């Protein structure tokens, strides 16, 4: 009996998958995880205009939470995030159900609903800012039609600017939610629906009792993705309200940018970024865990 | 062509032992079927022979070469997969030629070999089609062609017929058998279908929980199963198991059962004298008698010395050539096989003959055969 | 019988009302979605007098492309008055290599992770996947420093690197989820046939990949073209991508506010991704949902 050993070329071939994954993985490790640690470290220093690597503990976080601008940003994120997710899902879900009623020209209507997703938030912001222009915008048009008390100059009002953000963000994302729900509706097992209607369930009942409950995973996905979009929102604010009037419509992402690049408060900026990361992680980690768990390794 | 030797093959994933030391010795040109339920380790073993899974312990050799550390491409094997695994983007011809191309066979030779194989499998008119344009049976042929064209030492089949409909499966089974005869190649064939195993194999290895239960010819597996698992797995309808007690009789040994007939339970003494040596130590103890349905048949036609008695028939199932009768012995269902012309049931009861020489006896504690 | 004859029309009538209601809602939403597009296009075709004097919703009197030409080649961004043209090409030279690189790397990584399951592959994937969801604010600062160290701050190369790295998580996710659906037996068959890692990728996996390549390319192109945060953080002046330049153009307040030029600039900026959306909308939707129907 002879027992030939593994050839060298085969031995290299065996580790090839790891070798191929290595560059991507290294990039992610360094540019994502390394940078998180780096930012975390800076958030514990008194870095001002330039990074400074002397640790001073959690003082930047204390300063952060003493700043009214940050408190406002957090409050705004809460209002904006909640309304944005809620309204986008309600509208998206409604449109999906309506479009599922064997509508003629469905493809065309869908294209209209979804196109905002293809353009930048910067464009969305610019366009809505123009529509909300107090002297030349929609407000003037509607008033000229006779509705004298109509008010749409939201971007110039401290109390309404956040709602302007919600409106524009929903405009941009509702079509996406619709697409998500629609593809889920279409993938519901038709046999179950047949069985239910043979059992005498009305179409309305079938929707409420069978189809919608089976869409729970898609619903979860939509919430998570929209929440993630809300926390990251930056460009929409820049283009639509500029965070104003004053800093009344600022969001954490804008706060971070402002501190880091405009106000030479790198330490505080890093601290705010870490808080944002913690918020995202609090939503994403349980979600990803539940998504990946139970699925067998393929 | 070459022999295949598997010596104490063990496969572990972490702490889970999927194969617990398998020994199989296959002669040149032999057709081995690995039979078992899903999860028994049969596919793992096949993949280890192919080199798609590593061998945790033990040795696998083809001819006189241990192949544990030989790359699949250098093992001189070919494999036919359950899903056929045809390359969807290549034509049939390219699919078959791919292995040769990878081995650097020049194009003219490649084309000649592909054409020869295609003719042998009667699919030379399909060479320019894509797999998606083929029927299930044709795809199966292409998968076979891809294996054949390389003229390997060992052919491996991983449930190749399980995606075909019943009629095609029968056809392809015969085809594979014919191929084996013509090529006289060593073949290892994995299936969970016991009829495929019985019809194709020179020898069958029955696996359960990563262990070989029995490695023998189809006839031996069928007539002399080593334990109740093997007995229950092979044969359709499966062997009847009758739990009873051994007793001494005037002639030798017997076992009493209660048979329902004419609306009442009647004690019947099954004669175990043919099995004297194995039942002697079991007098007064429980045993299980295994009787294949064909060992219980209509009375009065058997040429062998048999005992006969009346039994009530619950249900009959005509299969064409035979009629299956479901009887009630010891309160359990027992199946008998009767020639269609002879199923004469009068008032729900009929006279049956039992050929006890063909019975298998098992120890109910260990479930192994008494011999 | 008389019962059923009155019943059927009543039901028909209610069905008719339902259809009417349904269409009303659908059309109202369509108007809402189309309003900004209508206003932007309309405004970009008017001259300033028409904008001031007329209604926002009025159609332009004539098709006047002066504002477009102005936005493309003359408008002032900060103090330089070159129009959007150079920034448009900045975005093109940034997007094309970044899209290509991230798609290629994602394809290879996804292939290795699914078809060559090695120890730790799932952990590697989980770590890469989380990269999709990290808020970029947390990496901006070290990135700015790193780009400075390499010496590619304020260049297109810097942005190519940034977009390649942070797009990688998404492309890997796309390809991984797609390759999971390709049967492993194909790879096994090819291995026995004698093909190696790269041969299998090139000869068998890649020919099956066009749909997911299109999804990945469209997604990456849209993301990179539309990015504002990285562009604003790592570039100034002449190296800016078009989104940043456009925002500066709109917010440059020298002289009279030219709303028509602003809107034309917005259209020019949006044009490439809108074009892709109209041409390949099907794949666009698939990309959006692929990001969420994870696994």
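Order as written gives the chain letters A, B and C; numbering starts at 1 within each chain.
Note that in this section a residue touches a chain if its C-beta (ideal position, glycine included) is under 8 Å from a C-beta of that chain, and two chains touch if they have at least 3 such contacts.
Keep in mind it's a predicted model, so treat the numbers as computed, not measured.
Looking at contact counts per chain pair, the maximum sits at A-C. Chain centre most remote from that of chain C: B (centre = mean of CA atoms). Centres computed as Cα averages put chain B at a distance of 57 Å from chain C. Distance from the chain A centre to the chain C centre is 14 Å, each centre being the mean of its Cα atoms.
Taken residue by residue, chain A touches two or more other chains at 13, whereas all remaining positions touch fewer. Within the complex formed with chain C, the residues of chain A that make contact are 13, 16-18, 20-21, 23-25, 27-29, 31-36, 38-39, 42, 51, 91, 94-95, 98-99, 101, 103, 109, 111-124, 126-128, 130-131, 133, 136-138, 140-141, 144, 171, 175-176, 179-180, 183, 218, 221-222, 225, 228, 231-232, 234-235, 238-239, 242, 252-253, 256-257, 260-261, 266, 269-270, 272-274, 276-277, 280, 284-285, 288, 291-292, 295, 297-298. Interface residues of chain A facing chain B in the complex, by the touch rule stated above, are 1-7, 10, 13.
Against chain C, the residues of chain B that register as touching in their complex are 47, 50-52, 72-73, 77-79, 81-83, 85, 87-89, 98-99, 102-103, 146. The part of chain C that touches chain B in the complex is made up of residues 183, 185-186, 188-195, 199, 203-204, 207-208.
Residues of chain B touching chain A in their complex: 59, 61, 64-66, 68-71, 74.
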